[in-house]
Amino acid sequence: MNPKIADKVATTVLYIISGIIIIILASLLGYILFQGVPHISWHFLTSPAQSFEAGGGIGVQLFNSFYLLVLAMLISTPISLGAGIYLSEYAKKNWLTDAIRTSIEILSSLPSVVVGLFGFLIFVLQFKFGFSILSGALALTVFNLPLLTRNVEDSLRGVSDEQREAGLALGLSRWETVLHVVIPEALPGIITGMILGAGRVFGEAAALIYTAGQSAPALDFTNWNPANIASPLNPFRPAETLAVHIWKINSEGIQPDAVAVSAGASAVLVIAVLIFNLSARYFGNRLFKKMTAA
Amino acid sequence: MQELEKYSLDDTYIRPFDRDKQEIAIETKDVHVFYGDSEAIHGVSLPFERYKITALIGSSGSGKSTYLRSLNRMNDNIESARVTGKIMYRNIDINSDAVDVYEMRKHIGMVFQRPNPFAKSIYDNIAFALRRFGLKDKKKLDEIVETSLKQAALWDQVKDDLNQSGMSLSGGQAQRLCIARAIAMKPDILLLDEPASALDPISTSAVEDTLLALKDKYTIIIVTHNMQQAARISDYTAFFYSGAALEYDETRKIFTRPKIKATNDYVSGHFG
Amino acid sequence: MDPIREAMLKKSHSAKLERRGKTISLVCISLIVIVVVAIFFFVASKGLATFFQNKINLWSFLTKSVWNPSMKDAHGNPEVGALPMIVGSFGVTFLSAIIATPFAVGAGIFMTEISRKWGQKILQPVIELLVGIPSVVYGFIGLSVVVPFIRHIFGGTGFGILAGTFVLFVMILPTVTSMTVDALKAVPRHYREASLALGATRWQTIYRVVLRAAIPGILTGIVFGMARAFGEALAVQMVIGNAALLPKNLVSPASTLTSVLTSGIGNTVMGSLENNALWSLALLLLLMSLAFNLLIRWIGKKGELNK
């Protein structure tokens, strides 16, 4: 073929491929939003789910998702900060550090269902936490840690060594310098990574089916005593999340309005994840501008 | 500039000090610095007189910065670096494990080649470390911030807005902020690693004026590759070549009547 | 007495903080490493029980095609042949990777070589959005759109490997694309300039020079995508039909390692053969994820050597 014509053909094909990808996303989003959004109402967002009849909501699941998210982030943030600090500030260049990095890489590539099964074995059975918020939060922590740690490490490495030297030369320890000089400067990157991690956690289901469980007992939203079994805050109650709920009603649900409920729930899930992603970008940029402001 | 000549490291002249009359603030004895297996500093022994400015000169790669950084053990932070020999300060060897390196650095401060203010306000750039060390009294902090900035000749330019970010300052101002930050700790000794190399001539002369004004309170050791600068501000000069101090004398002698050939060639611009 | 000398000979507050901080960060990193080791240890000890406790033959586990752990065959051996799931898992993985690769490479070339502006403005956010959509949502759409569509065209139930492939294709597309983009961006500018200066057209330059230089990076992206497809559980489980049978064709109900695991582990009794056999599947999944990891490292090393 004439090279000029080949060039034209190839360019056209590339445009078509890119167009198809855009159409796929557009139809995905369009389907979810057009099917789901009409179903979203205050009632849908706040009322409990129904097992056998139409008209169920996702109130409890929505609350569970957020509660699990908060708990999982509360546990994984400090650990990933500590681990990220170790890797960027203290790790020496030797085989041990290589081994640590490799194991983090392996953890990040493990299928989430394996993480869920591990959580089931350890947290649910071994530690006797049962199907509970706590088991779920711990499983999500395992799922989240490698990516958060790498994000913290990368963000800290992005801060120039001159800043560390400035702190050290004043007689501060490396730890103090990292905590009070390096971390504040790395904050935009760290926060962006945390919010993106939160988005991932929010939509995760496979790691939760056998840890947080697949049932959502009715909650008494007037009872905020964490020790009480009906309290929304009780960390030892089983807690089906929104993502698990979508899976559950689609694979074994017998509600007559299962499709509408899952469409609505999917729309809520996608919108929530969209908000996470957009806010990650927004806060990241804003903080970055603020830190580097002239 | 001509072909690089090889000079003997044995042909040296180190000025003797009269220790009864001249007080020594810090002194190194046979300091070697190794990076992995290679030796970067081959046994340097120099005394530094109190309340004087000593300049370390030499071409790049001569080891002057490496030597300076070993004086407050900044080389500790480089994984492969190892420093042997004695660094005597207040009658103890601060190169020994018995010495708390953080406490020591409060008394031997350092200013770096490139201005590195924290991404904090001007006020916090200075007050931050003091607060970390337990000084909480707001009035006292205000006072130290003001005097440090005045000593660094920066106060008049920034006093109206101490809350602006330290990173928003121009190069010369930022470097003076770094000097102010270092002297706010009230150190005995101030180490400066080519503090003016990243600055324009006007900022450079401002920093030089600052250093001259600080001389009566601080012992200053400054690395520079700018010979005019060394000649302008220093009392003593040490000439470094290939990881060794070849000549050490009063500055005017180094620049007018150097005792060895390498120094003469260097200060007359024949190499480096 | 020199107070400064005394202070230097004592342990400072900063030194104590440093010690504490270093310990804290070491504890954090150790925790992660312990978790990784524990995952391998526990999954392996559970998964190996099938072979050591229940005396199942490893070879027949991998090659027999009847999965019915609670039943015994004519010789009195439990029927634990994992071949249907292995075939299902590899089937959806390879097929989805094969479909995704031309799309990912095409989109990657478009974004880096043809139109950086549109690439950055439109395709980049599109890819990022696709990554963000949770897998159950993909499963739900697969179930309510893809499966009926296949049923309409090919008849049958619509569930099967083809449906799983479609869903996974969309799921791994962003991963492969963004890594392809990174690989293409890493090709030095002067490669392109040299080729264009020799009179090559843009496409010739892309095809002969840029793509060739980016091959290790693109391959890494594809393997990453395959690893993700192999480990994906719920989206696949929702559309594959979950019949532990050797698939007759692409549109007959089948199953994968992950789909059998998710639907089975809650319905079996811990310690029983049925349960142990499922853990063996989990172990297989774990080992495959390790294998993908090694493959990625190997490609990376190869790519560096060729430079």
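To keep things simple, chains are lettered A, B and C as they appear, and every chain counts its residues starting from 1.
Quick note on the criterion: a contact is a pair of C-beta atoms (placed from the backbone, for glycine too) under 8 Å apart; a residue touches a chain by one contact, two chains touch by 3 or more.
Source: prediction; values computed, not measured.
Enquirer: Considering only mean CA positions as chain centres, point out the chain farthest from chain A.
Expert: Checked the centroid distances; the maximum from chain A is B.
Enquirer: Whose C-alpha centre lies nearest the centre of all protein C-alpha atoms?
Expert: Located nearest the centre of all protein C-alpha atoms is chain A.
Enquirer: Determine which of the two chain pairs, A-C or A-B, is joined by the larger number of C-beta pairs in contact.
Expert: Higher contact count goes to A-C.
Enquirer: Chain B to chain C: how many Å between their CA centres?
Expert: Computed value for the inter-centroid distance: 54 Å.
Enquirer: Measuring from the mean C-alpha position of chain A to the mean C-alpha position of chain C, what distance in angstrom results?
Expert: The separation of the two C-alpha centroids amounts to 17 Å.
Enquirer: Once you find the CA centre of chain A and the CA centre of chain B, what distance in Å lies between them?
Expert: Once rounded, the distance between the two centres reads 49 Å.
Enquirer: Please list all residues of chain C that touch 2 or more other chains.
Expert: Within chain C, residues 12, 14-15, 18 contact more than one other chain.
Enquirer: Any chance you could list the residues of chain A touching two or more other chains?
Expert: 171-174, 176
Enquirer: Note the residues in chain B that touch 2 or more other chains, in rising order.
Expert: Expected reply: 102-104, 132-133.
Enquirer: If you look only at chain A, which of its residues touch chain B in the complex?
Expert: For chain A paired with chain B, touching residues are 92-93, 160, 162-174, 176, 180-181, 184-185, 291-294.
Enquirer: Show which residues of chain C lie in contact with chain B when the two form their complex.
Expert: Contact set of chain C toward chain B: 2, 4-5, 7-15, 18.
Enquirer: Under the touch definition given earlier, write down the residues of chain A that touch chain C in their complex.
Expert: Touching chain C from chain A are residues 3-4, 6-7, 10-11, 13-15, 17-18, 20-22, 24-25, 28-29, 31-32, 35, 78-83, 85-87, 89-91, 99-100, 103-107, 109-115, 117-118, 120-122, 125, 142, 145-146, 149, 171-176, 178-179, 199, 202-206, 209-210, 214, 243-244, 246-247, 250-251, 259, 262-263, 266, 269-270, 273-274, 276-277.
Enquirer: Once bound in the complex, which stretches of chain B touch chain A?
Expert: Touching chain A from chain B are residues 72, 74, 77, 79, 102-106, 109-112, 114, 116-120, 128-129, 132-133, 165, 167-168, 178, 181-182, 185.
Enquirer: With touch defined as at the start, can you tell me which chain C residues reach chain A in the complex?
Expert: 12, 14-15, 17-18, 20-22, 24-29, 31-33, 35-39, 42-43, 46, 102-103, 106-107, 109-111, 114, 118-119, 122-123, 126-130, 132-137, 139-141, 143-145, 170, 173, 177, 200-204, 206-207, 227, 230-234, 237-238, 258, 261-263, 265-266, 270, 279, 282, 285-286, 289-290, 292-293
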